[in-house]
Amino acid sequence: MRTTEQYIEKLRSMRPNVYMGGELVKRDDPRFGPGLKTIGLTFDYVNKPDYEPLLTATSHLTGKKINRFCHIHQNPDDLLAKQEIVRLMCHKCGRCIQRCMGVDALNGVSVVTKDADLQYGTNYHDRFLKFLHYFQENDLVACCAQTDIKGDRSLRPHQQSDPDLYLRIVEKRDDGIIVRGAKAHITIASYSDEIIAVPTRAMTPKDKDYAVSFSIPADTEGVKLVTVAHIQRPRKHLRAPFEDCGNAHSMVLFEDVFVPWERVFLCGETDQAGKLAALFATFHRHSYTGCKPAYTDIIMGATALIAEYSGIGSVSHIRDKLSQLITVAELVYGAGIAAAVKAEKRASGTMVPSPLFCNVGRYHAGVNIYHEYETLGDIGGGLSATLPREEDFYNPDTAELLNKYIKRKDGVSAENLHRAYRLIENLIVSAPGAAAQVSGLHGGGSPIMEKIAIASTYDMEAKKQIAKDLAGIVD
Amino acid sequence: MRTTEQYIEKLRSMRPNVYMGGELVKRDDPRFGPGLKTIGLTFDYVNKPDYEPLLTATSHLTGKKINRFCHIHQNPDDLLAKQEIVRLMCHKCGRCIQRCMGVDALNGVSVVTKDADLQYGTNYHDRFLKFLHYFQENDLVACCAQTDIKGDRSLRPHQQSDPDLYLRIVEKRDDGIIVRGAKAHITIASYSDEIIAVPTRAMTPKDKDYAVSFSIPADTEGVKLVTVAHIQRPRKHLRAPFEDCGNAHSMVLFEDVFVPWERVFLCGETDQAGKLAALFATFHRHSYTGCKPAYTDIIMGATALIAEYSGIGSVSHIRDKLSQLITVAELVYGAGIAAAVKAEKRASGTMVPSPLFCNVGRYHAGVNIYHEYETLGDIGGGLSATLPREEDFYNPDTAELLNKYIKRKDGVSAENLHRAYRLIENLIVSAPGAAAQVSGLHGGGSPIMEKIAIASTYDMEAKKQIAKDLAGIVD
Amino acid sequence: MRTTEQYIEKLRSMRPNVYMGGELVKRDDPRFGPGLKTIGLTFDYVNKPDYEPLLTATSHLTGKKINRFCHIHQNPDDLLAKQEIVRLMCHKCGRCIQRCMGVDALNGVSVVTKDADLQYGTNYHDRFLKFLHYFQENDLVACCAQTDIKGDRSLRPHQQSDPDLYLRIVEKRDDGIIVRGAKAHITIASYSDEIIAVPTRAMTPKDKDYAVSFSIPADTEGVKLVTVAHIQRPRKHLRAPFEDCGNAHSMVLFEDVFVPWERVFLCGETDQAGKLAALFATFHRHSYTGCKPAYTDIIMGATALIAEYSGIGSVSHIRDKLSQLITVAELVYGAGIAAAVKAEKRASGTMVPSPLFCNVGRYHAGVNIYHEYETLGDIGGGLSATLPREEDFYNPDTAELLNKYIKRKDGVSAENLHRAYRLIENLIVSAPGAAAQVSGLHGGGSPIMEKIAIASTYDMEAKKQIAKDLAGIVD
Amino acid sequence: MRTTEQYIEKLRSMRPNVYMGGELVKRDDPRFGPGLKTIGLTFDYVNKPDYEPLLTATSHLTGKKINRFCHIHQNPDDLLAKQEIVRLMCHKCGRCIQRCMGVDALNGVSVVTKDADLQYGTNYHDRFLKFLHYFQENDLVACCAQTDIKGDRSLRPHQQSDPDLYLRIVEKRDDGIIVRGAKAHITIASYSDEIIAVPTRAMTPKDKDYAVSFSIPADTEGVKLVTVAHIQRPRKHLRAPFEDCGNAHSMVLFEDVFVPWERVFLCGETDQAGKLAALFATFHRHSYTGCKPAYTDIIMGATALIAEYSGIGSVSHIRDKLSQLITVAELVYGAGIAAAVKAEKRASGTMVPSPLFCNVGRYHAGVNIYHEYETLGDIGGGLSATLPREEDFYNPDTAELLNKYIKRKDGVSAENLHRAYRLIENLIVSAPGAAAQVSGLHGGGSPIMEKIAIASTYDMEAKKQIAKDLAGIVD
């Protein structure tokens, strides 16, 4: 398995194709430092005895010990382990650990390549297994490029006035295909090895050109990444793990990019394309049942901490609000456990968590995310927004007074209060904090997407039948 | 295993000690018919092939096949089976299946009798196992008498001006104990074989006389049951399973009742008493992760049905509301699955589901129950409350007009619409329907009880530590 | 002005055409007693000095002092007075005072009859004023028959397979019109003097036959009322004002009913018909900004009372829940005040409250009603649902024990606790209590109707323009 | 009345005592530009015909036309005008107009100076009127320094281990008083002429030294302002009014500051101090019933705009969410209207809006603010958080592609979409946007403060009495 240093070294060797703020930037640009630091944790913790059993798995391909973020889930325990390690790793970086994108995409592709082969006699699954072998051997990091630009939301892919508003196949050649389009909101794209593209939605036969999945190196010719990194205001004195970590999101532009056949996993199979969109969503929503509770853990920890520091740790309404945070975190986590227990093995051997439980878990996380911020904002109070700049705490004209007046409960030092509020400011009154609200809402699928997924797959007829039986209705 | 007939026959043979509406009534009083019918389902379905595997278990005492409602859970699968069968049986009666009270009490007592013996050298567990043997052999039905009268809610048991406001030991004799007090809201007491009494709350050493648990036949000398049965307005023409089932709740009065030692399971051990209160709650809240989703199933089924009958089955806001009902049902159910998966085996061999997941599941059910009624009331519309009486649909002066004007979507008969609305009226505009709201809120513990349980047991210090680590705070 | 006795005497003289439970019943049937008692309050209180200034008004037609429930609002103070008196009268009967239906219908009709005359040169308004003169002189009680049966909800009136599913004109004659159809959920119809029919929705030109409004005596030939009265379980010992009051709802069947021209207020004017539907809704929703706060007052009073009686009146989470009830009551009431202040005088001289504020007020009341019940159910606890029957408190075998065990805080008598819980049972665990949830949701228009009214009339373009201006967007 | 230029000129002339980012900065520092721009609008719009009638008032002291932000309210119309102008001015700057702080403080002080004089025979009110005369003549801008540092939240002012954690009188001299302490979260302090200090809470007689109110120039000797200005990322190409406006918040440090007697408005009167705290809160919460609806207007406008641009402007769930935003805005606004209508004239002649309606209005705004952001985040989608930097839209390597792929509905230009998303990014994914969430929650008092105010002043006994009357309970 790789080290963080090897991972970064490889990034440095890649073709420059990342743009930010109007410039072509390096993959180790300081503004990506927090992202690299975060991904690095997934390499570093693999060797820590407390984490190694969860963070590694045995490859079903090679029998070798691999990073779990490269593994195809073979049983419910694999799913439970992934969920747990996601929660734990998110505690370490204070936010999204990001690398689950890749493993969730791999698992989704593993299923549909097999299913497509069974349905169409293609050989996608063999291609995929070769790619997987390479991926696991090199302990790679991948982003999943799913969300298309989508243009007019009331129109299907083939109905858009500009046909490129969903990623599409513009040409099929002997050696591969040419794709054009763009994918939006792609986290870690600018510091990942590979870009795994999967469809974004269900498709009709007319959307054939949009039914495409593949994986290519992130610096492939014709690929441009326009990246935005919301980073915390840099600190000089009170450095802390939270500000060291972060992420970046890219719009991935495909300007007639060539993908060789061995890297093409779907090409025109619209039914499998829709299935892959749903499968990646299911795997990724399962990951969210790990990361969202972690996020809630951090918010509740910060809330409980500042309440304690303010002398009101045991006040009734605060305990009440903390309890509500707990119920959100653990209902979501419980849904993820249920999804693993009720998982289903597919033809490829991949274990797919229960879509129903993944969706209700992700949904509940999504509809509560803003309220969680509200709770921390509520208990944290106005200082979350009006905390003077760090430098003012070190300016001789103001330092003494600020340290005097930041004090609360006896026995808590000014620095600890300052550190606690700096964390809260970073969490809830900063651009990256605000961006995390949006990703907490939309990442892996907005609540409305889960509601649609739930409504369209739930056996409501069975529930109507229960009502009919109780009412004595015989059709 | 018993039959429904044998169960009712035994009820008829019991000493009359049930009061209702100012009279001493029989245990097979017609107003208890819906309750007997409901319990009867647990005897009837044991022989149906689809239900037998779930509804029976192998006794760990005798190795015999027994009704699962008499079983001590030995592993997570037992807990998963109990949860599932509760959901299924509630579908059949359209409400609380009730018999889980007994099995939840048995399981709680199984744990603390063993723990008390280990701590105090008592022999409660042997007594309990003998009682359990008798219970399983005779396939008995028990209520659990937990909730004390509690008097002034701001005072502990021993602080009340009337010492009897919590059930207490008034005398210890060579052959047993004398108990006095009352237990409120005891479902199925008037048609159960046994009353299993367990404490209602945590206790201090001064509450020693209140630390008592035992089981006695429901017609024991000195026991009076004052019962209320909310029943549906009787129908003449459109009989239906929903109105045939029901329940009744008793205030159980203990007027210096003698309990022989072999039936005494705790007697003065205040710490174990508090633990038993919490354990019964945990087991019972786990049952609620089965029955509450069933309740939501019924409500969503009725909602979807009336929407379909009204020609608006696929309207956006209705699908949205149905999706919300699904998320409630399945988050609660998922929490119950997680509770089973994260269960812990105790010294007695009993498998105890995770209190955290039981509590968050029950909490979520409790805080949503009124909203579920609101959804059905919302989609059902005013006719839920203004449906003319059944007789008017059969009065020649009005029948034709009512049947004409109840019609909605073409193809749905007037009778089916009438039946659907009669079900909805029973569900949401009737005394038993309204009582079900209250029991949906409080049964097995009100949301505030779960919040207290959650807040008092959750490892919030660990979460504060995560926040400190991220903030760089070193104490 | 009439007395209650005169009102009831007139009811007794009417042609019997009320059906209930399969029988033709009298208008003073004991099951309507609670309804008559409630309406009677509006006659009785007119003479009480504290209420007379609010409950009476000066007729703009005759200059005489009349009951405000017969008045056409001339200025904002009239609207404020109506709102206030509705809240006060609802406190007296513990629920809907009902008589606002009539005055709200009169006011709506007053506007459209004038507007129709101006638009079409008809003479509806003169007819209306003559009718109003008769109405005020005789101090009448009217119901408003608005809600049609509606059949398939996805179809307009003229699209229904049975054309009678909305009330319609089947024939125009020299002396009047013949109407056929039915109106559902018509409160007080069975004990009102007049039935004022108004349209239920916006209409297209094709719905011409459905654009009809009129008033006829409730016992007119061809009218049948099929009525349902949800009444409280009768008490013998603890009679109380709350159980004495109540209501009843009718399905009003029109079997080819003749309406003379002097009583016809709209006949084919589809645009004015839609306007009248909205106007009655506006006036009635304004009434709800008075009655819904009264309902919340009763629920919060009962909640605060039982909390006090239980020794937990000042507990933090209870104060919090009471505060939430206050905010609902007063936001709704405040919206009603704003609606009066922002009212608009129409061509007829009628003062129409601001539809926007009426709608947001009624909406907020509607979406909170179930939660209000939840709060009382929450604090009231299980005894709301399991309170033994009144008779058991008077049976010598159980009376002493029940009175002993119902006690809570020292100093509160058993009878007062019993009375408090009997009120709570009546409020939240009874058929009429449950029916009040549904009417709290739907009466005067469901929340979704208010949302539609709000969305369709709000100047969202102005709000978009604000956003454009701030964004620097110039179209 | 002043011009914006005169206002800024005076700021430039003041003694430098503002610190930010570790430095002593000028009052016209570019980072305060957005704040100055915002306040400037209150000078600029006074001359626009559409705004002049609302934005000016006639001084009750001098009879001269003055800016309404300097006026003491004399009647309900003054309060209605203030509420309306606040909403309108907030539309112009896209956020808090800020200048209401001063007028709200002036009005509060006007009442208690009179009341204190009547109670204690002091002459505070004359002093105040002289100050008011000066204030109105010079058309001044004031901040209100209310919120103390508060230290350990479980302790009262005199109980804190450091007595300076609430602003206090450390010395009384012949010519004035010396005060020490700090006030936190003081908006506009760094660009206001005056600092009006008022107490932060109710006080006991032991808190006498903390019962102090006064006004001093913001650059008074001994005053230090440590300021934080969250500003939007500067734009180069797509400048827009929203980014031009903004605010800044200061911690105001009082290092033994001398206040001459003519500027002292309370000095030791603890009961009046508590009253002043509540009065400023009441006036300021009334202002919030104007500004919060404006904020919601902006959010709903942006939401509706981006929905339209995306081709989904008329989709059901979006209309539903917009309707919810409307109900929040208008319920809050309606509460403010009701507060004005139900206002009370005090001994000083000042019109005080109803605290109840002010509190429920502000409460409702506060508990909905995060949800409003959620709605915009929900409909805005991921691009709110991942929008590439403005420069990337102008880099030749990426400009064309970004402008191609930002397109949505036909007919909406790339620039307009870019502008719309830049506004949304500024609103919800930026440090100032996130700070606005916190001020939306806490500004003028957190929801819990309003709940306390409501609970402690509401006549709950009257509501209990209604319940008792209905239950037939006679004490």
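Labels for the chains are A, B, C and D, by order of writing; each one numbers its residues from 1.
Rule of thumb we're sticking to: contacts are C-beta pairs under 8 Å (C-beta built on N, C-alpha and C of every residue); 3 or more make two chains touch, one makes a residue touch a chain.
Please read all numbers here as calculations on a predicted model, not as lab measurements.
> Could you let me know which interface, A-D or A-C, is made of more C-beta pairs in contact?
Looking at contacts between chains, A-D has the larger number.
> Which chain maximises the distance between its CA centroid and that of chain A?
C
> Which whole number of Å gives the spacing of the CA centres of chain A and chain C?
Chain centres of chain A and chain C, defined by C-alpha means, are spaced 51 Å apart.
> Once you find the CA centre of chain A and the CA centre of chain B, what distance in Å lies between them?
Each chain reduced to its C-alpha mean, chain A and chain B end up 40 Å apart.
> Could you state the distance in Å from the CA-based centre of chain A to that of chain D?
Computed value for the inter-centroid distance: 38 Å.
> What residues in chain D touch two or more of the other chains?
Residues 315, 317, 320.
> Which of the residues in chain A come into contact with chain B in the complex?
91, 94, 238-242, 297-298, 300-302, 304-305, 308, 319-320, 322-324, 326-327, 330-331, 333-335, 337-339, 341-342, 356-357, 360-361, 363-364, 416, 419-420, 422-423, 451, 454-455, 458, 460, 463-473, 475
> Under the touch definition given earlier, write down the residues of chain C that touch chain B in their complex.
19-24, 147, 149-155, 161-162, 164-165, 182, 184-185, 224, 226-228, 230, 233, 249-251, 253, 255, 310-312, 315, 317, 369-371, 373-374, 377-378, 380-389, 391-392, 394-395, 397-398, 401-402, 404-410, 428-431, 433-435, 437-439, 441-443, 446-448
> Give every residue of chain B touching chain D within the complex, in rising order.
Against chain D, chain B makes touches at 315-317, 320.
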